[in-house]
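Shared between the two complexes below is chain A, which pairs with chain B and chain C, respectively.
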Partner chain A sequence: MEKKRRNGMAAETWRRFKKSKLAMLGLVIMLIFAFFIIFAGAIANYEEKVQSQDLAASFQPPSREHWFGTDEYGRDLFARIIHGGRISLSVGLISTFISIVIAAGIGAAAAYYGGLFDSIVMRILDMFMGIPLLLLAIAVAASLGPGIINLTMAITVAQIPGFTRIIRSVILNIYSLDYIEASKAYGSSDSTIILSHILPNAMGPIIVQATMSVAVVILDTAALSYLGLGIQPPAPEWGAILSDGKEFMRYSPYLVIFPGLAIAISSLALNLIGDGLRDALDPKLRD
Partner chain B sequence: MGKFVLRRILQLIPVLLGVTFLVFCIISLTPGDPATSILGATATPEAIKQLNHELGYDRPLPVRYLDYIGGLLRGDFGTSYRSREPVLKEIISRFPTTLKLSVAAIILSVIIGVPLGVLSAVRQYSILDFTGMITAMFMASVPQFWLGLMCILIFSVKLGWLPFIGNSTWRHFIMPVFTLALPVAAKNLRLTRTTMLETIREDYVRTARAKGVREGVVIGKHALRNALMPIVTNVGINFGALLGGMVVIESVFGMGGVGTLTITAIRMKDVPQVTASILFLAFIYCLLMLIVDIVYAYIDPRVKARYVKD
Partner chain C sequence: MDEAILEIRDLHVLYKTDLAVNYAVNGIDLSLRKGECLGLVGETGAGKTTTALSLLRLLPPQSGKITQGSIRFQDAEIMELTEADMRLLRGNRISMIFQDPMTSLNPVLKVGEQIGEALRLHTKGSKENLEQRVEEMLEMVGIPAARKNEYPHQFSGGMKQRVVIAIALSCNPELLIADEPTTALDVTIQAQILDMMYELKEKLGTSMILITHDLAVVAENCDLVAIMYAGEIIERGTAEDLFTACRHHPYTEGLFNSVPDINDRAERLKPIDGLMPDPADLPAGCPFHPRCPKRLPQCDRKKPEAVSFGSHQIKCHLFRQEEDSYAAID
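Moving on, here comes the complex of A and B:
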């Protein structure tokens, strides 16, 4: 019965999510991106199209053969962008996932134990919040050095404080609601309360926040790579492709236009989905 | 009121200490030691050991941290490995550029975002509202440095209207300021629209209308004044995002502010300069949050009332 009710909740959210045209547009865009990224290897061979150089074919403008044109080494820009999407999106997903898991642990413990422990956690968070997110990521990236793993770590660390704060307040909020009180009076154990009441109800706001965060991470990853602190060429990350292409912007503007559009459109799509989810999960807007 | 301001200033001290500790620890994780990066890889191990000892690097991290704090209290942020000059000198000489950029961008973002947000809310579901929202959503999703590159491409390369490297004239500031301001303006627009839509439906707005107050006065005096609270809070938060974005935008436009200084220092492994530049930006951010809190207390009668009574 428990399971049926939860399915009902998901179906209800989906029904209301579907009503928002913009949210559906975001979802469709993300599905198209996902298709190209998952089948990137089948569409364009990594060694042949992304890595191997053909100087005779350099700086070709967009054409039927090279949809987005070719770069200074004659590499196909479209192939590099879909393979680059693998890096950009996985850095976004992995760092957001890890930081949420860590933040959920810290935030839940702070909310549950309260008192001194909570105060200490909050003061430490205040310190982190004293440094703007991108600046914190730059500091961590600078000390770790460039590379995919270091970049993911830098962004994960920078995201943890914000998530911890949100998760703590969400859990505190739910903890004060009547049905938790009722469940306690009913004699439920702490683990039952946490697993079957607090966690499912906290999931909504956390998922919304996570969707929006992936968008922010895609932007920040690109910015760090652009500064030379993230992923180094010749790896095809979007920010790195852009940083590479800006040298030739004057005569081959498509080298900066397309990777930038890839970043902007994927982050826009995630923001649209996040907005739609927030509205669909908001009980105040329930009809 | 003075009590509130004083308490808020006292609260700032542990935060600043914590920020210093964090930045100091993070940057200390950098592999390698200062003497090797000053003398180069060709130096003898004895010379490296000698210089590390002179710099105090052979002492444990907590001791070095306390030493650093002691220096900060005396206004000494450290000495650059490269120029052998106090790092603060370089920061101060570059700060005016960063300050001009950020203040101009914040003001511009409010000037663009708030009126458009009010207009969107007043004409909800109109074409203007719809285009405004779509543009705002796109602007919030665009990478800032790409926006900057596109501006350069259009206004400098194609049209030849604006210069784009350096900071010698006010015309050099136009593109960077717009690039920094537009995403923040987009956030302001969305926030203003949301809060205005909420306040427009409040009872006191209905009362004002029922009294026969003119529509312009209802919106401007009754609704907007209350809708401004979250916007003021957000100006502080946006400033943080702006300071992070500043590092990137200054590099795009070759502005030579604190942001480019930070990136150059990172590339040259000039650890004291990196630590000091990041700390400096973080300090500015914390100070700004303080000012926002105080301004907030002044405009929100509820916060004010709590302190005026005692």
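Moving on, here comes the complex of A and C:
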């Protein structure tokens, strides 16, 4: 019964989502990315195309053989981008998701209980907010050491304060509404109120914020990799490819154009999906 | 029938802010028997809602505080219950209908789920039973059961208030507090909702506290009436006492004069001059004396005692307790 209802809700959300052409465009783009990323190994051999160097073939412009051209070591840029997408997108999506979940918990509790608890939590987070996201991520990554998992953790931690702020303010707004008081008046416990009344109403702004931050995370990952705290070369990663290509931008602009496009298009697509999802989840816009 | 289900004794509530202490409720006594309906009447800011929220212990935790008094509900002293026990009581034995149906339903949950929430909290039973009960509740308030899968914005204001009432009555509470349940609705819908509430109350044997500033609503629905002013009950009695007795508190007279009379060709209503006193700075003596047209010399010094005649009770220096009647001081 419960399961059926859930399916019903998912189906309804999907029906609404489908109506938005832009959201569907975003979804199609992400599916294309997903296809290349999942089958990256089959399309281009990692050892051969991504790692091994062929200096004779360096700086080739895009051609039928090398779709996106080759970099300074003669590696195929297309292969590097599809393999790099595995790391960039998974770090972006996973760290954003985890930090949103943690921030939602902290933000909801702070807004709900208010008073001293709220003050203490928010002042601690203010301390973290004083440190730029990137520096915080660097500090965490430096103490944990390089590696994909540590990188994800560093970025997750760095994102929590900002998200918590936004979620707390959204929830404070909702908290003052009558249906929260009504729910208390019929005996709901704090956790029921937070989980079934406050968070569902806060979903819209949270989703939008989350999809926007994925692009930021991809760039931060690049910065950390550049500092040697993230992905270790020669492993490819969009941000790292972009910052490597920067040096040769003048004569071989495709070295920055393609990874830049990958980042821009994927974050645009995620934003479109986020917008569509927000609208699909809002019952007021349902018809 | 004679046993009071609710006894409020000398309740004092204040709101503390950084700037001031607002004395919202100043020593009120109320009692209510099973099946009775009490009308709590007064201007905005008289402390009606505060009284209602105190009964559920839902005052804003940062500022609201019950400083003294006792609230006995059946065999329980509400002031002494733990928060967990309070949660078992709320919605189950005492439930509340809020003023504005537009905002008292959660916009992202279907109405059926919202009715089910209170039921799920307080009753045991299978999912099928629960669904069935939700449908029954909707039918009971005159909404087709099929609409349980719709969202609040798909309902009109009156329909939403019906849903709110269905939620409040879903666990068969012994006491229903209705805080201006019809203020946000237009007049024809008001009548429908009130009739329905009255019928349901009779059917389920629920006691009710009806908070309102509409005297007509009180006349039609209530057995007992209490008039509140600046956190005190200044006059109380049965509905009959209030509407037929010849002696009233000057404030009550003022309230009656503010109601348009269909037989009277007066061009203007006669409102009460002035405003409700600032609850942070209540006048000494009778709280109504600065606005009172029949002020006596002692009014600004001494608080009037309640003078009662049978079930009718007035707190005013104009009247003096005699053997078993009251007389006006002329």
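Brief remarks on what is shown
Simple rule for what comes next: the second predicted complex is superposed on the first by the 209 of 287 C-alpha atoms of A that agree within 3 Å, B and C clash if a C-alpha of one lies under 4 Å from a C-alpha of the other, contacts with A are read in each partner's own complex, and residues count from 1 in each chain.
The rule is simple: a residue touches a chain if its C-beta (ideal position, glycine included) is under 8 Å from a C-beta of that chain, and two chains touch if they have at least 3 such contacts.
All figures in this text were calculated on a predicted structure; none of them were measured in a lab.
Of the two partner chains placed by superposition, only chain B is touched by A:Tyr226; chain C is not. Once the two complexes are overlaid on the shared chain, A:Leu144 sits against chain B while remaining clear of chain C.
In the overlay built on the shared chain, the residue A:Arg250 is in contact with chain B alone; chain C does not reach it.
Contact with chain B, but none with chain C, is seen for A:Phe128 once the two complexes are overlaid on the shared chain.
Touching more residues of chain A than its counterpart among chain B and chain C is B.
Legend: residue contacts after superposition of the two complexes on their common chain; A:Ser196 is shown touching chain C, with no touch to chain B. In the three-chain superposition model, chain A touches chain B and chain C at no common residue. Here chain B touches chain A in the complex through residues 14-16, 18-19, 21-23, 26-31, 137-138, 140-146, 149-150, 152-153, 157, 240-241, 243-245, 247-248, 251, 262-263, 266-267, 274, 278, 281-282, 285-286, going by the rule given at the top. Those residues of chain A that touch chain C in the shared complex are 1-2, 114-115, 177-179, 181-189, 192, 196-197, 200-201, 203, 281-284, 286. Note for the complex: chain A touches chain B at residues 22, 123-124, 126-128, 130-136, 138-140, 142-145, 215, 219, 222-223, 226-229, 239, 242, 246, 249-250, 253, 256-257, 260, 263-265, 267-268, 270-272. Touching chain A in their complex are the following residues of chain C: 56, 58, 61-62, 87-92, 95-96, 98-100, 103-109, 117-118, 121-122, 127-128, 151, 153, 164, 167-168, 171.
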